[in-house]
Amino acid sequence: MRALVLNGPNLGRLGSREPEIYGSASHDELANRCAQWGEELGLQVEVRQSDDEAELISWLHAAADSQTPVLLNPAAFTHYSYALRDACAALRAPLVEVHLSNPAAREEFRRTSVISGVASGTIAGFGLDSYRLGLLALAAMAG
Amino acid sequence: MRALVLNGPNLGRLGSREPEIYGSASHDELANRCAQWGEELGLQVEVRQSDDEAELISWLHAAADSQTPVLLNPAAFTHYSYALRDACAALRAPLVEVHLSNPAAREEFRRTSVISGVASGTIAGFGLDSYRLGLLALAAMAG
Amino acid sequence: MRALVLNGPNLGRLGSREPEIYGSASHDELANRCAQWGEELGLQVEVRQSDDEAELISWLHAAADSQTPVLLNPAAFTHYSYALRDACAALRAPLVEVHLSNPAAREEFRRTSVISGVASGTIAGFGLDSYRLGLLALAAMAG
Amino acid sequence: MRALVLNGPNLGRLGSREPEIYGSASHDELANRCAQWGEELGLQVEVRQSDDEAELISWLHAAADSQTPVLLNPAAFTHYSYALRDACAALRAPLVEVHLSNPAAREEFRRTSVISGVASGTIAGFGLDSYRLGLLALAAMAG
Amino acid sequence: MRALVLNGPNLGRLGSREPEIYGSASHDELANRCAQWGEELGLQVEVRQSDDEAELISWLHAAADSQTPVLLNPAAFTHYSYALRDACAALRAPLVEVHLSNPAAREEFRRTSVISGVASGTIAGFGLDSYRLGLLALAAMAG
Amino acid sequence: MRALVLNGPNLGRLGSREPEIYGSASHDELANRCAQWGEELGLQVEVRQSDDEAELISWLHAAADSQTPVLLNPAAFTHYSYALRDACAALRAPLVEVHLSNPAAREEFRRTSVISGVASGTIAGFGLDSYRLGLLALAAMAG
Amino acid sequence: MRALVLNGPNLGRLGSREPEIYGSASHDELANRCAQWGEELGLQVEVRQSDDEAELISWLHAAADSQTPVLLNPAAFTHYSYALRDACAALRAPLVEVHLSNPAAREEFRRTSVISGVASGTIAGFGLDSYRLGLLALAAMAG
Amino acid sequence: MRALVLNGPNLGRLGSREPEIYGSASHDELANRCAQWGEELGLQVEVRQSDDEAELISWLHAAADSQTPVLLNPAAFTHYSYALRDACAALRAPLVEVHLSNPAAREEFRRTSVISGVASGTIAGFGLDSYRLGLLALAAMAG
Amino acid sequence: MRALVLNGPNLGRLGSREPEIYGSASHDELANRCAQWGEELGLQVEVRQSDDEAELISWLHAAADSQTPVLLNPAAFTHYSYALRDACAALRAPLVEVHLSNPAAREEFRRTSVISGVASGTIAGFGLDSYRLGLLALAAMAG
Amino acid sequence: MRALVLNGPNLGRLGSREPEIYGSASHDELANRCAQWGEELGLQVEVRQSDDEAELISWLHAAADSQTPVLLNPAAFTHYSYALRDACAALRAPLVEVHLSNPAAREEFRRTSVISGVASGTIAGFGLDSYRLGLLALAAMAG
Amino acid sequence: MRALVLNGPNLGRLGSREPEIYGSASHDELANRCAQWGEELGLQVEVRQSDDEAELISWLHAAADSQTPVLLNPAAFTHYSYALRDACAALRAPLVEVHLSNPAAREEFRRTSVISGVASGTIAGFGLDSYRLGLLALAAMAG
Amino acid sequence: MRALVLNGPNLGRLGSREPEIYGSASHDELANRCAQWGEELGLQVEVRQSDDEAELISWLHAAADSQTPVLLNPAAFTHYSYALRDACAALRAPLVEVHLSNPAAREEFRRTSVISGVASGTIAGFGLDSYRLGLLALAAMAG
C-alpha cells in the first residue's frame, strides 16, 4: 500500500533551522527514515515537501483521488490555512497530522490548529519519531 | 462586455468534494453554465480556478487594469487572505463575492469574511445559482 | 405560485432615509418593482412592510402554514431578533435574506446576522436589485 | 389564588413548530393542561401567549399591580429583551422562568438568559412538565 | 417650536417601579413637568410613552418628517434596539438621549447604548432633572 | 422504582452554611424530605452527599449500570468538573440538575454550568422545593 | 454656594485644538461663560484646568474637604485614570461628569469611562452648553 | 525498564461508555494490550486507572521519585486539573499524553489541555492504538 | 489559640519539586518552622497537607465549626477549585491565602485566583516567609 | 539599613477616605507606625506619599541608585501605570507591593496589577498590618 | 555588502494601487531608489517583489544561507503568514520590517503583525522613505 | 529648522536601566548624538526628558503652537496615556514615534500603542539609531 508524507513550509530546511527545536536531521534524512519505516510496515512511502500552499493542496487532491493515506506536517500552515483544511477534509483515506516539536510548549499562536478538526488523529513532540509513530498509525488504520 | 469568474482553492474539485454541501456539478459544468448565463446577459464570461493565492491575485491585477467586473468565490481564502482582499480593493469595476453554500449555517470560522468589506455585494447559499445571480448583479451594475 | 416579500423596520421610509446608502426609490416603487419582477418569473409577489416584530412574525407564521417562499429583509432586526429567527426556522418553503446595502462595509454591529443561520441563502449590497436577485433565487428553489 | 402563565413569541405554534424539540401538543392543549394542573393546586390559572414584546410587558405590568404570581416562558425574548427583564424586575409576587427544551443543549446563543437574574427560579428541559413543575413552585412560594 | 419627549418601555410605571432608582414621580407628573419646562423655554412639548418598539419608531418617523427635535429616554431599548437606532439616525433635528438614573453605576449590561452613537448628546443620572436639562439642550440646539 | 439524589461539595453543611442563601434545613432534613417526597411518587429515593469528585463519579457509574434516574446538585463542581460531566453523559436514565439558589442572580462564575449540556433538564432557585420538583420531573420522565 | 469646574488635560487649548470637534471658544471664554451661568444660578463658580493628574486630584481632595460640588471634564483621563476615580469617589457633594463632544460617536476607546461609575450623572455632546447644563444639575442637586 | 500507564476519570468504564467514541474494548483489555505491547518493547508496563485526582497525583509523585516514564490519559482532567499539571511538571522521565479520540473534532471545551504544555509529546485520535504509539514513543525516548 | 495551616496539592513534595521556584526546604521543615513561629505568636499551629480536594474541604469544614483561623496555600487549586472556595467562604475566623512564589511573575494561568475573593488577605512571593508573615497576620486579626 | 515606604495617589487622605474600606488611621499615623515597626526590625524607615506619578518614579530612581529596599502601595496606579512598573523593574533591592484592602474582593478593575509582575512579593488585605508584614518581609529579604 | 529588499503581495502595483495611501511612485522607481540609496551606503541592494508566499519564503531561505541582511515589506502577509514568520526567524543577518503607510492609522486588522516579533526592528509610515531609513538601519546593524 | 526630541518616563536613566535591552549609552550621550545628527541634517535639535505626563504634554502644546516637528519616545506612556495622545493629535508638524527596543518582541502589554494612531510614522528596535532614523524621517517630511 502507498502512503504519502507531506511536509509544509520551511521543513525543507530541517537540520539548519533552529536545530534546538527541530533536531539536526536534514529533510533528506527524514525522507530516508520514513521510507525505511514504511518498508518495515509494508508501506510504500513517498515524502514530499513544499513551501507552497497550492502545491500541497494539489498533492492532497491527488491523494483524495487515489484514496492514499496521508501523513501531514502542515508546519506554519497549521495555524491559518483553511484552504489546506478544506483539501484535507476531502480525503477518503486516513489523515494523520504530525509535528516534530510540541506546539503546546511554544508560542501562544502555535496552540491553534485549523487542521486537527479534520484529521483522524495527531502526534506531536517526538522529533523524527513523530513520523515513525504516524506511519504506524496510518498502517494500523489502513490495514 | 467581458466578465471574469474567479474560483478559489479546492473549487476545481467540485462534484467530487463533499457533494452534499457543494452539489454534484463539476467545475467544467459550472464554467459552461456561467458562459451560457453570461451569453444571455451579453457578458463574455471567462471562468478560471486556482488553488494558488498568487495566481488569483495576478488575475485580479489584470482585471483591475482592464476594468473588468469580477465574480469571485474566494473559497477558504475568504477567511484569511488579506492579500486577496488588498488585490480586490484595487479593482475599479464591480466585484461580487459568491458562495455555493451558506457559510452562516456551517462552522464558526466560516462566518468571518475578510473579502466582503471590499466587495460591492455578496450572494451565498444557492448552489450554482449563486453564480447565475452574481452574473446578473454584475451585468446590472456594469450596465 | 405565491411569494412573500417582507420588509422590516424603517424600510417603509425608503427614499427619504439616508438615500446615499439605501437609494432614492420609495417603498411603493420597491413593491411595484417586486410585483413586476415576480410576474416575469411566474410568481405572484406580495410585498409587506412592518416596523413591528410581532407583525412580521405573524406573517412568517402564515407563510409557514401555506408553505409560501419568503424573501425577507430583516433590516435592523437582523442583528438581534431571535424571535424573528425562530419564526424563520419554522418555514417549510425557501427563505432568502436580502439587504439593500452591504453590511460588511458598514458599522461593526451590522456584521452579525442572527437570521442567516436559518436562511437558505443571502444576498446583499445590490440596492433594489438585491430583491430582483432574491426573487430569482426563490423562483429557482421553489421551481 | 390567581396565577398567570405567559408564553412568548412563536409558542402559539406549539405542535407544528419543530415538534422534535418542542413536542406535539398544541398551545391549546398546553393551556388546558395548565388550567387542570392549577386546579389541582388551588390556582386559578390563566394562560396567554403573544409574539408581541409590548403586550407581554403590559401583562406583566398588570400582574405587578395585582401581585399575581407569574410563570413566564420568554421563548426567544429570553436572549435579548431587556425590556421584558425590566418589567419582570417590577413584579412583587414570585416569577418562575420555564423552558420546554434544555437551552444548554442547543445553540450557543440559547445559553444566555437576560431574564434569569430577576426570576425567583428557573425550570427547563421537561417539555410540558416544565409548566406543571413551575405551577407547583409558584403555588409553594405563594402559599 | 414643538419638541417631542419619547419614553420607552416600562416608563409608564414611573413612581411605582423601583422608586429607589427611578424616583417617586409618576409618568403624568413627569409629563406635566416637561410641559411646564418647555413653556419656560418656548417649546411646545408633547410627551408620549410606549412599551412598543414599533410605536416609538413610528413617532420617530413622524418627527423626522416634521423635523421636530426629540428627547428620547429609550429605557431598556437602549441596550439592544438597533431598529430604534436606525429610526433615530434618520432624524433631521437634534436628538437628546436621557436617562433618569446613571447606567454606569448599575448592572454591566446597562453600560452599552446602541443609541448614543446617533444622538446629539446624552444626559444621565439626574432623575426628572435629566429631562429639564435635556429640554434646555434641545432648545439651545434648535434655537 | 429507585432514584438517586446526589449532592456535591459543601452541601453536607446545609443549614449552617450561608443560611440566607441556602436555607436553614440541614442535609439530614433534606434527605428526609426527599425520601418522603419520593414515597409519594412511588420512588425509592436514596440521598447521598460527598465533597469528593471521585466518589460522586463512582455513584454515577453505578447509576449508569443500574439505569437509575439521578437528581444531581453538583454544587461548586457545576462550574468546572468535566470529569463529573463525562460521568453524567454516560447515564442511561434521566438526569435532573438542581440548585437550591438561583445561580443567575449570584456571582458571575456561577452562570456557567458544565453539567447542564448533558442533563435532561435543570431546576434552580426554589430552595428545598428544587428537589421536590426534580423528583417529580424524574418520576414523570421515568414513568 | 461655591462650585468647582475642573477641566482635564489639553482643555487649556480649547479653541485651537481640533475646533471642528471641540468648538472655537477658548478656555478663558469657557471660564467666563461658566462664571456667568453660575451667577444666574446663585453659584460662585471657579474654573480650573490642569494637564496634571496630581493637580486635579489635589483639587478634588480640597473639594472633598469643603464639600464643594464639582463639575468635572476629565478629558483623556476619562479613559484610564483610576487615581482620578478614587479621588472622585471620596467627594461628599455631587459630582457631574461633562464632555464637550459625544464620546459615543468617536473612537472606540472613548466609549469607556472609568469615572462615570462614581459620578452623580453625566452630560455629553452639547459643546459649551454641556457645562451650562452641568451647572444647572449641580445647582439642583445641591439646592 | 518500567513504564506507567495512568488513566484518568471514567476510563475504567471503557467499552460501556459511549462506545461510538471510545471503542468497545474494556479497560482490562486495554491493560492487557498495553502489557503485551510493552513486552514487545522491553517495557514492564503497569496500567492503573483512577477517577480520583489525588490518587493520580500520588502515582505521578511516585513516578517522579523512581524516574519512571509515564503514559497519561488525563481524560476530563485534561481540561482543568492544574494540580495534575503541577504533578506532571515534576516528572524527570518522559511523559506522553494520550487520548483515545481526537479532542479537536469534538466539543469546544475539549480543545484546551492544561497538561500538554508540560508533556514531552501528545498522541490523540487512534483509539487503543494511541496507547501502542505512546508506549513506542516512551520506549524510544527512554531508550 | 489554635491555627490551622493547610497546604494543597503537590506541596508535600517541597524541596524536591522545582527547588529553583519553591525553595529547598521540605514540607517537614516547613511544618516545624510554622510550629515554631506559631509558638512565638502564642498560636498552637497545626500543619496539614493534602493532594485531595475533598480532604482539604473537610478540614475547612472542621475549622468553620471550631472557628479556627486558617492559613491556606491552595497551590494549583487556587486556579479552579470553586469547591474549595465555597468551603472557605463558610469560615468564621480569618483566612489568609499564601503562596511561596509570586504567581504574577509566572505563567498566565497562575494570575487567576478563585480563592482570593473570599480570603481576608493574601501574601505571595516570600518563600517560607510567606507562612511566617501569614501567621503574624492571623495572630493580629484573631488577637 | 534604610527602607523606603512609598504610598501612591489618594493615600494622603487615609482616615477620611472611605474609612469602612481603608480604616480610620491617618497617613501620619501610618508613617509613625511604619517608623516604629522599622525600628524594631533595625530598619530606618522613611515614608513618603504622592499623588504624582512622576514624583513616585523619581523616588524609585533614587532607591535604585542607593539600592534601598522599597515597600510600595501603588494605590490606583496599580491598575495602569506602566511607567511606575518600568521604574520598579529597575530596582536592585527587594520590592514589596502592599495593599490595605483586598483588591480581589472589590471591583473587577482592581483585580489587575501591572506592578505585581516586577515585585518580589505582594501582601494585601490586612489594613495597616499589610505594612508591618511588608517591612518584615523586606527585612528578611535584605538581611 | 549585499542586502535584499523583499516586497510582498500587491506591491508590484505601486503607483496605480490606492495612490492616496501608497504614493504615486511605481515599483520600478522604488527599486531604483533603493539601489541608489544602497550605493550611498555601500550596500549592493537587490529588490524583488512577489505575490507568492512560497517564492518570498524561498528568497528568505537563500538569504539565511548567505547571511544576507533583509529589508522586508510583508504587505498583507504581515497579518497572517506564519509561514513567512518561520522563514524570517531562521535568518542570521538583521531583518528590518518596513511599511509605506502607518498600519496603526488604518483598519483594525492592520494593527496585528505576525512578523514583528522576529524582526530586528520596524519602520512604518514614511512612504518610500521607509525603505531609505530601513536600508540605513540595515547598514548600521550589519556594519 | 528646529526639531524637538521628547523622551518619556524612565528614559533619563538610560545606560543604567536594563542595559541588555536599552543599551549602555546615557541620556546625555543620546542627547549629544541627536544634536550631532540634527546638525548633519540642518536641524536644530533640542532633547528633553520627563517622567511627568503633564510636562510632556506642555512641551507638545508648545510644539503645536510653534509648528515644530517632534520625535517622541513615549516609553511606558505608549501603552495608556490617552492624554499624551490627545496632545499629539493637535500637532501640526510631523510626529515620529520611536522606540529603542522592539516592543513586539517583549511583553504582551508592550504590543499596544495608543500613540501610533496619531503619529506620522513609527521606528522601533534599532537602539540609538532609532533616533537617527527618526530625525532623518522628520527632516525629510519637514523639508
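In order of appearance the chains are A, B, C, D, E, F, G, H, I, J, K and L, and numbering begins at 1 in each one.
Keep in mind that, in the parts below, a residue touches a chain if its C-beta (ideal position, glycine included) is under 8 Å from a C-beta of that chain, and two chains touch if they have at least 3 such contacts.
Note that the structure is a prediction, hence the values are computed from the model and not measured.
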item: Any chain that touches chain J and chain E; value: G
item: Of C-E and E-G, whichever chain pair has more C-beta contact pairs; value: E-G
item: Fitted rotation between chain A and its twin chain E in degrees, CA, nearest 5; value: 180
item: Pair in E-G, C-E or F-H that repeats A-H, with over half of contact pairs matching by residue number; value: E-G
item: Numbering shared by both copies at the chain H-chain A contact, with half separating same from different; value: same
item: Inter-chain centre distance, chain D versus chain I - centres from mean C-alpha coordinates, in Å; value: 47
item: Distance between the centres, which are taken as Cα means, of chain B and chain A, whole angstrom; value: 31
item: Shared interface positions of chain A, touching two or more other chains; value: 52-53, 80
item: Which pairs of chains touch, using the document's own definition; value: A-B, A-H, A-K, B-C, B-K, C-D, C-E, D-E, D-F, E-G, F-H, F-I, G-J, G-L, H-I, I-J, J-L, K-L
item: Partner chain C, residues of chain D touching it in the complex; value: 8-10, 12-13, 16-18, 50-53, 55, 75-77, 79-80, 109
item: Of all residues in chain K, those that touch chain L in their complex; value: 102, 104-105, 113, 116-126, 129-130, 132-133, 136-137, 140-141
item: Chain E-facing residues of chain D, complex; value: 52-54, 57-58, 61, 64-65, 80-83, 85-87, 89-90, 114
